[in-house]
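The chains carry the letters A, B, C and D, assigned in the order they are written, with residues numbered from 1 in each.
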């Protein structure tokens, strides 16, 4: 099959990362056009990778008959509209998470994408991480027996800037959304009930901005298993990304990745490396792998590994968590509107 | 100061363990009398350790003016009454946990013990464990900064027999009670809010007996920190007893103890030891250490490290967890009667 | 069978340790008499444990018909003579290592003990350590296949005082002797060739005293396997005692024991505990276990797990290492006189 | 500065690896020509990366005035001659290790390269590995104090094919050569004395081919430190690449890299991942990093981090190890001809 021609909308950090992956590490695809409203520096970046075209206008990508697939790496509020436009233009879609913060908008996107017949993958990259994918494989293969408990520890090295926080949709939609996706992925089951505790412990300014920075969220899955997600906006030692699954036959736990395996023993103790600090470093390979699988799915005409329907559920769980926290009670997922059309 | 003369009521597993500790590993104390309704085998056991007297009747201990302190190691329903009788007899008391399953009964015991002026320590032995004590020290010394989150993972190797479960008071009072104590101990703060999820996943017979075998319990502490306890009645790999504390300056986590440090690398992977399987093996040294500190407190006339007041709070939290589970909501500790008289 | 009556010669650190083990943790034996030329403090120590007699004169132990077995815990130069005297007196013997620094003297002791028919065990306690015993079991059970390589890392937290070093017989006889025993134990085979490098790196005063403080000793075993021992008189982080065995089916490695399993993650890194610093703490349980097995062997009339013949080989290897270092060549064990009479 | 134009001689596994690194992950350089006697598949490979030219004739690279630097990735016997030809053609050189198995030939190469004034780097990629580089940094920064001991454990997952072994120059020149380089690198000092033990334990056919498959090599460095290298041609659990440095202030040890951090706890034990099995996977990033530093050195006109002089010493140590093994004695490096001209 001929090489997949890709257009990328948004040449920020994540757009560039995907561009570099596609040009250097993902066989079977090439980037034909890179679109960004601010072209400064984009031309040089594109040249360095051998990407032939840059444009300030996404429409140039959507209207280019030579382009097979579009990567949507622009700001969140544009995701849904661009996805629908791409679907209507007959382009396959890879869209960064979240597709939208509004459930009706996601539902609309799902409908439009379904009607168009294009393939759409959503950027829940952590599913492609070597550690989490291994946990998932163990669950899927039955090595752990029936699943009883899933725990996710997810702590950022430090909070994002306040302006970002103010328009982020809040901790649950901005940070925990990855963990909500991971919870269902690891449990191999949908979430049915949510109970959330949250607090402002890291920075009072986050509370003043109407958000929280620390949370414990208990879950119950359709298969009966329980789950818990722990979040903090600040872990002084770096980016803490771990998970553990307990089943009837045993447990599997993933630890953090580190820059080296070196351990230094002195009179002060035995010192080993902190976790990788930066999410791009920690999850670099997962970004490449999700792109490989997207390209493969499009080229083979198969279902992508993370669909637009998968993007809906974490947003609904985030809403349930918000409601649980406000009303200080267990929330059942039926209470949250917008189940994906069957 | 002269050697502390101790009487032990109850010569079951835990009574014998304490007897052996006192006779061989705890300086400053000796066991004068061992009481148990069934004397079979007790005489031989006492002889082996050089304990001079055995009796079927606890009253012989309580009435013996030579005895300074009493260890109450009989079945749970007798704990409170024997404690009160011992207090009235002017004996210092070490009582196994729980003092009672009923909050009013514990309150009554607190009053009687206070009025009597004797010292009373309760058997929350895990506080004396090398791993948990180290976590507590780190918290107390401020090495972790302000405390943001406490996590306790507590899984038994397998469920107890059904008859035991039926009269245990349920998972929260029987198993989680240790974790409730540990949560406050590690956080350095009282629990204020509780939200509990529970399920029957290990054995349906446990559900038929009216109990649960798996739980996730979220906590909020008075100092603002959040907490979570994970329980399971069955971990196929053994007795899983870990904790982690996250603070503003970092996190500290304890792992499991193992029979050896050996790692075996073969074509199948790298295999290391399972956790110690049996709680007596896992916590052996903590039982000795709590006895050392009890003997020291009594001899020095100082406050024991775990008081009868400390025994109340975990029972109240267990009640809050029960209520939370039933009513599917957050329960505040004020709702639970029986705060310890100030 | 009736309780084994034991006499202990030498009430220093190790004599007292064995006395306490026998009185409190080893069933089937009791200490009847403790002998030490300096009785100061010994009476109090004996009273505390319930040991009935103390004496300045070892002859009182050797001549006491009620005594079945003798522990020789006096200074090294007295070991062989006291062992022979005990054998002639018909007492079973547990002798601390080394039996002697002179090969002929050990051979003489072997002959006398053999002729007497008593049982004799030598104090290579590390064979009873949980980690090393586990390695040995893996080798013995064939889990590692044919043995290809044995590595022993043995580092003290700091050098002993110079006066001790001057009369110690040197690093190989004083410190490496344990590792020479362990090497054969783990390999399941005799040493056949030795090549030793040594240096003075820790403290020049050790060199001035005619000794070395750092060594790498290569070994070849009769079964073809190779071995290497690394020694240092000073590891700033504590007492470092590890071993690794490589076989055709895999490798097994033991690590150090630590005071706790706690790991502290901060901005500075992830800090875990140093190894236990002091050899009595590190090897405490091995001392108890060797005593249990000695008592069992004597009571059952079976071969002790470490015989007087086992005491000879490490001394011969130390001599080979000395010769190798001096002559800068490989030394074959045949060159060293004094193979144990078959 | 303009982009470095590179020609690669040899399009085997390692040549292709470097080609891919240069084209996709190393800024500032591009591959202009790829030469290999067998062009089958090479054209497709070059096209995929955007390398404009392929040729069966290295002379086309050496004679191309547009080419600044040459990578020599052809079979070992051609390394020295091609390096000298490249030097004479005024091309900077990156040459895979070993430059040659003959000391005089390496000396000749050193002379020719020096006279030509070009830069030459040799492919000791392990120096650029994240774990070993971290150890080296700790040594260089003085964090470990004075260096007392260096240990290198280097085990292959399985032996190479016999035809390869027959012409490899033997274990010391083929496999240990990397470890000899690493030993000096980590100790921060030259090797002065060598004592080698070797054996045939993995496969008798290796012995019949005149080689060994298992070795323990003791070293003494100019700074007084001792060292030991352990080699095996077969570790059933994978590619085992570890090192440890002991200094006066502490020790630092590197472990193996693994595919994931997941630990699976079941009734059978706690299973973690084996080391990465394949050297290209294990050392992938080090190959990229050495290329980055080579390109930087050439572009900046600075000394490359591994010079052709560095290539000489490991070959001399291998010769000393061979002699030590044959003559069963310590060999001093002065005995080995061919010290690099000062």
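In this section, a residue touches a chain if its C-beta (ideal position, glycine included) is under 8 Å from a C-beta of that chain, and two chains touch if they have at least 3 such contacts.
Just so you know, these numbers come straight off a predicted model, no measurement behind them.
Copies chain A and chain C of the same sequence differ by a rotation of 180 degrees once their CA atoms are superposed, given in steps of 5. In this assembly, the chain whose C-alpha centre lies farthest from chain C is A.
Mean C-alpha positions place chain B and chain D at a centre distance of 58 Å.
If each chain is reduced to the centroid of its CA atoms, chain B and chain C end up 40 Å from each other.
Along chain C, residues 235-237, 240, 249-251, 265-267 each make contact with two or more other chains. Looking at the complex, you find that chain D touches chain B at residues 235-238, 240, 265-275.
Those residues of chain A that touch chain D in the shared complex are 23-25, 27, 48, 50, 130-131, 134-135, 138, 143-144, 249-257, 259-267.
Looking at the complex, you find that chain B touches chain A at residues 145-146, 148-149, 151, 153, 155, 193, 195, 197-199, 201-202, 214-216, 218-220, 224-228, 230, 232, 234-237, 240, 246, 248-251, 328-330.
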